[in-house]
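Here come two complexes built around subunit A, the first alongside subunit B, the second alongside subunit C.
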Partner chain A sequence: MLFQLLIDSFSLGSFYALIALGFSLIFGVTHTFNLAHGELILLSGYLAYVLGKYFSIPFLFTLPICMLALVFVAMLLHQLLRQVKEPFELNSLVVTFGLALVLQNAMLFFFSANYRLIHVPPVPPLELPNLHLFITQTQFILVGLSLLVTGSIYLLWRKTFLGKALRATIQDREAARLAGINVEHMSLMAFILGGMLIGLAGPLYAQREYLHPFGGMEATLIGVIITIFAGVGRIRGILLGGWILGGVESVTVFFLGANWRELVSALVLIMLIVVRPAGVLSKRAKSERWR
Partner chain B sequence: MNKPGHPSFLILAVTFALIAWAAFLTGSGIHYRVLGMACFYGALALSWNIFALTGAISLGHAAFFGLGAYGSALFCQYWHWSPYITIFLGGTVGCIYGFLWHLTFRKLRGAAFALATLASVEIPKVTIDNWDRLTSGSLGLVGIARLPPVNLGSITFDVDENLQAQCFFLLMFALVVIYIHFKAMSSKWGWAIRSVREDEIAASTIGVDVPGIRLRALCVSAYLTGLCGAVYAHLMGSIEPALVFSLHFSALPLVLSIFGGRYQALGPFLGALILYPADQLLFHSWFPAGHAAFYGLVMVITILFFPHGIGEWVQQKTKSA
Partner chain C sequence: MVRSLGRLAIVLLYMTLQAAVVFADAIRIGEVNPLTGKLAKHGLEIHEGILAAVEEVNARGGIKGSMVELVSRDDQSLPEVAINQTEELLYRVKVIGLVGGYVDALVGPISELAAKHRTPYVASASLQRSLTEGRQNPYFFRVSQLDGVAKPLCDFVIEMIHPKTAAILYAATPGSTEFGHDVEACLRNAGVTIPIVEKFRPGTLDFSSFLLKVRQSQPDILISGGFYPDHLILVRHLREQKIPLPIYLAPWGVAYASFIEEMGEASEGLFGLCAWNPGITLPGTEKESELFVERFTRRFSKPPNTTTMHGYTSARALLAAVDKTLQSGQELSGDRISQQLRSLDLILPMEHLAFNQNGDPKHYDQVVVQIQKGKLVVVYPPNRATGKIMEH
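On to the complex of A and B.
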């Protein structure tokens, strides 16, 4: 039983890390508080649903299409947010909050309030011998893709010049500009990468949980929680945060029931914001950004 | 932003909007209903704005709204008190939660504060959702006592049945909130709020009690929002957690206030008088599902093009012309 719980938390946590990675990238590089993050994930999920259902495209082929589409959407969002005036952080929060409302209602209009799920062809869960442990195919895809993508972003982050430039922009925009980095391009890059991650997370979400037009805020909160836990631009921290949050939620669901899950993530978020707004794993005491 | 808002233009605009409305009020019930609800949402927006005047954007006023609605409905159901008493108890419940916000979030500003408030809606929502024995859980409360008729001398105001009387009642309610909101801008307390918004450190050096001012604004705002929630519960007759704690009631006051002008005495009310009827009478008939996208769109457009609200925007245009 304990091991089953561990496997569930591990798969859930890896997926949470994927959700948070997109949010964290965009927030870190551009200081945009994207409250429409969850809605964008849902949008991508619905796109995959439509592609799978009406055009009968196999699930794995919908992933690149969704990623491409969401990159486009994220670039549009970047263009929109460039128009926002000071104070940028609060205004971007309000604008994306408005955008979240628009997206929610647009999805309600186009896809109705019915719950949707991408059905993957049933494959009997893999049972580990003698242990009574089950790993479903969904979990396998979820963990595999999440870790693969997080790993490749990590390599990009650490080993390429682009990653270095992005990190520099996160640390200090002005200094990065002085060092000859085009901060505007880096913002665009962050939105493109973030859009790819969102586009990937959507179909995975739709295959794991039911899609509902108003379900996006939960995913946004997950992104925010893990980003605050890890501090911006810390990929290993995000992965750790995802696993911890996945573990906490799995344990809550196991002992208290699924109804209390949202409460736990909300409480965790409030505690994190109140206690360590600059990130629990971050070495700096308190970032100016939050003041 | 440093100067007090010019209410003269807005008073004119609001009076004009009300008179324009009077032209519609020819017996057909729906127009009374929409005007009444516009006043109601105007009051909600003003209540939200009283706290927003201190410079903090709250995304979680639905918590006060829902707690007020549930507080009043439960007092009514278990002790059979008159709704006119329990409404105020509902407001008190909201106010207590506001005090808790103050205790927990008093060091947070800006985006961190907004996020914390957004998450804090989940606490009462999930608790009420799961406390089946007291609140009948996610099924919600049905058959909440309606507002009984009021007798003033020989005239009877049947607030529940007669839409005309209901519209009048909600207008009166809005006027009371307008008065408090006006005080929150132009009394000594109002000037203190303004100084806190512009520069907290400077305000505290000239002797403004910054935490106290914020606490008072938050408590008044939470109380009035709870009051709105309670009125809503008795007007609608049935509530459920997913409804009264929904994002809608956090977002709507924000949209109406920003659109109407956050730093003007009648701005949020004007926003409600313009936007709510536009939504209900136009967009609702065009897109029955998803008409609330309108509010999101207005929010984005307002922040991008006239962040100080429609009132100031029109004023600037007319001044420069």
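On to the complex of A and C.
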């Protein structure tokens, strides 16, 4: 049972990480606190739903289409936010909150208030009879994709000039500008990459949970919490943060009961903010938080 | 150009005057429902049921020559907004009665305000006992109550399933929590062992650890007091993880055609409860039920469901009380309408509607249904059963 609990924890944590990656990346580079993050995930989910239901496109093939579509949407959002005046963080919060309301009502108009699901052809779970372990198709996809995506972004982060420029922008925008980095261009790149990640998360969210025009807040909260867990701009930290949160929730529900889930998660989050204010992988003091 | 604009202005003025004449002596009833937000699906269904009842009355020429005007407000699934909207309906619009409401967290505050303003309120979907029991609110009525759900469910489990063990999961809402406690007490009294009783926050996105416990303890039945979206997640995870669970029974959220459509094969064999559905109606009301389904489908381009019928029933109750007040030659007032509501006796497709002294319905009883080949089949109580339990 404990091994099964571990598998469930990793699967849940990977799901959280995939939801949070787009939010964390955009927030890190541009300081945009995107309150419409969940709604954008739902938008991508609804697109995958339409592609699957009305065009019979297999689930896995909807992923690249949704990623491309959300890159376009994210670029539009970037253009919108360029018009925002100082204080940018506060004003971007207000603008994205308004955008969330617009998207909610647009989705209500086009898709009604009915709950929608994305179905994938059922595949029997992989069973390890001696260990009484089951690994489902969804768990396999979530863990695999989270590792693949985190690994890819980590390589981009560490091994390319673009990655270094993005990291520099996260650490200090003014210093990056003085070093000759086009910070505006980096913001656009962050929205493009963030859009891809949001586009990927949407169909996975719809396949694991459900689609409802007003269900975006849960995804936004996951994005915010995991970003706090990880520390801004820490890609590996997001996956680790997702796994920790997934593990804490799963273990709490299993040993204490479902009604303890939120309380224990909140306590762990508060403790982490006190002990590791710059994120779970951080070893430095609060004042030196940026790598 | 100027002449055209002038004509347009005259037409608009004429239309405005027409509307003013039509609604000059209109009977205004107010409705507060979650038309947006998390509860929008069921809020909109209740709204359509209320609208159907109002349009039905107006199509017959109104009540004693006066048309009924429905003033709808959206509470956005938030109690604080429900309070604001109700205040507006009571103090500014000055409605003569209120209907609607979904879940007790929204119905409770509306009922308080209605009492303060001495305006009758007939809630469409409310269960929490403390809203009616031990509390003097002569203006509050509702067309549903918890015993009408918990009792048939418990009787069904004990009489038909004979489980040795049962797991109970319920949502952290007032109605669902009372339901969970009621069912637990009832099953324990019947000698059923209950290895798992758990409460969860509505909107929870993951049940895998809970299901792991279900796999470990292998109960004969899981009674799941969550709502529509919770079942969408739970049942899919159950099926995907091949959890050995003979019976899944949910009082709310499963007995819907839209649920069956979305879940497809995975919904086969699930048990749910409903007060009404197309083809499942109070004996003796088959014809009226069919006519309602026909009218509703023509008007809204979709069939009604049990939630719609709760909205329709609550509006029918309020409209009937208004009608009786006017027929008796009295002026409309909150006290007189409430008095008429207390003496109401209506046979409607969902229930034989009469209120007790607390404002609860006297004869609200849901039936247990099972999803068989994509259809809802009534399996309990025996006198209303349309089929037998199918093993899945």
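Methods note: the second predicted complex is superposed on the first by the 250 of 291 C-alpha atoms of A that agree within 3 Å, B and C clash if a C-alpha of one lies under 4 Å from a C-alpha of the other, contacts with A are read in each partner's own complex, and residues count from 1 in each chain.
The rule we apply is simple: contacts are C-beta pairs under 8 Å (C-beta built on N, C-alpha and C of every residue); 3 or more make two chains touch, one makes a residue touch a chain.
Note that the coordinates shown come from a computational prediction; the quantities given were computed from them, not determined experimentally.
Student: May I ask you to decide whether A:K85 touches subunit B, subunit C, both, or neither, giving the answer as first, second, both or neither?
Tutor: Touch partner of A:K85: subunit B, not subunit C.
Student: Of the two partner chains, subunit B (first) and subunit C (second), which one does A:L108 touch, if any: first, second, both, or neither?
Tutor: both
Student: Contacts for A:F72 in the overlay, against subunit B (first) and subunit C (second): which applies, first, second, both or neither?
Tutor: Once the two structures are laid over each other on A, A:F72 reaches no partner at all.
Student: Does the superposition put A:G98 against subunit B (first), subunit C (second), both, or neither?
Tutor: first
Student: Pick one for A:Y210: touches subunit B only (first), subunit C only (second), both, or neither.
Tutor: A:Y210 sits against subunit C, while subunit B stays out of touch.
Student: Give one of first, second, both or neither to describe whether A:N259 is in contact with subunit B, with subunit C, with both, or with none.
Tutor: both
Student: Could you say whether A:F61 touches subunit B, subunit C, both of them, or neither, answering first, second, both or neither?
Tutor: A:F61 contacts neither subunit B nor subunit C.
Student: On subunit A, which stretch or stretches are contacted by subunit B in one complex as well as by subunit C in the other?
Tutor: In subunit A, residues 104-105, 108, 113, 214, 259, 262 are touched by subunit B and also by subunit C.
Student: Inside the complex, what are the residues of subunit C that reach subunit A?
Tutor: Going by the criterion above, the answer is residues 36-38, 40-41, 43-44, 77, 169, 172, 198-201, 203-210, 212-213, 216, 228-229, 232-233, 236, 239-242, 258, 262-264.
Student: Quick one: which bits of subunit A touch subunit C in the complex? Just the residue numbers, please.
Tutor: Residue positions touching the partner: 1, 4-5, 8, 11-12, 15, 104-105, 108, 113-117, 119, 122, 124-125, 134, 136-138, 208-210, 212-215, 218, 249-254, 257-259, 261-262.
Student: Where on subunit B does subunit A make contact in their complex?
Tutor: 57, 59, 104-105, 107-112, 114-116, 118-123, 125-127, 129-130, 247, 251, 254-255, 258, 287, 289-293, 295-300, 303-304, 307
Student: Going by the contact rule at the top, pick out the subunit A residues touching subunit B in the complex.
Tutor: Touching subunit B from subunit A are residues 33, 80, 83-85, 87, 89-91, 93-95, 97-109, 112-113, 214, 217, 221, 224, 259-260, 262-263, 265-267, 269-270, 273-274, 277, 290-291.
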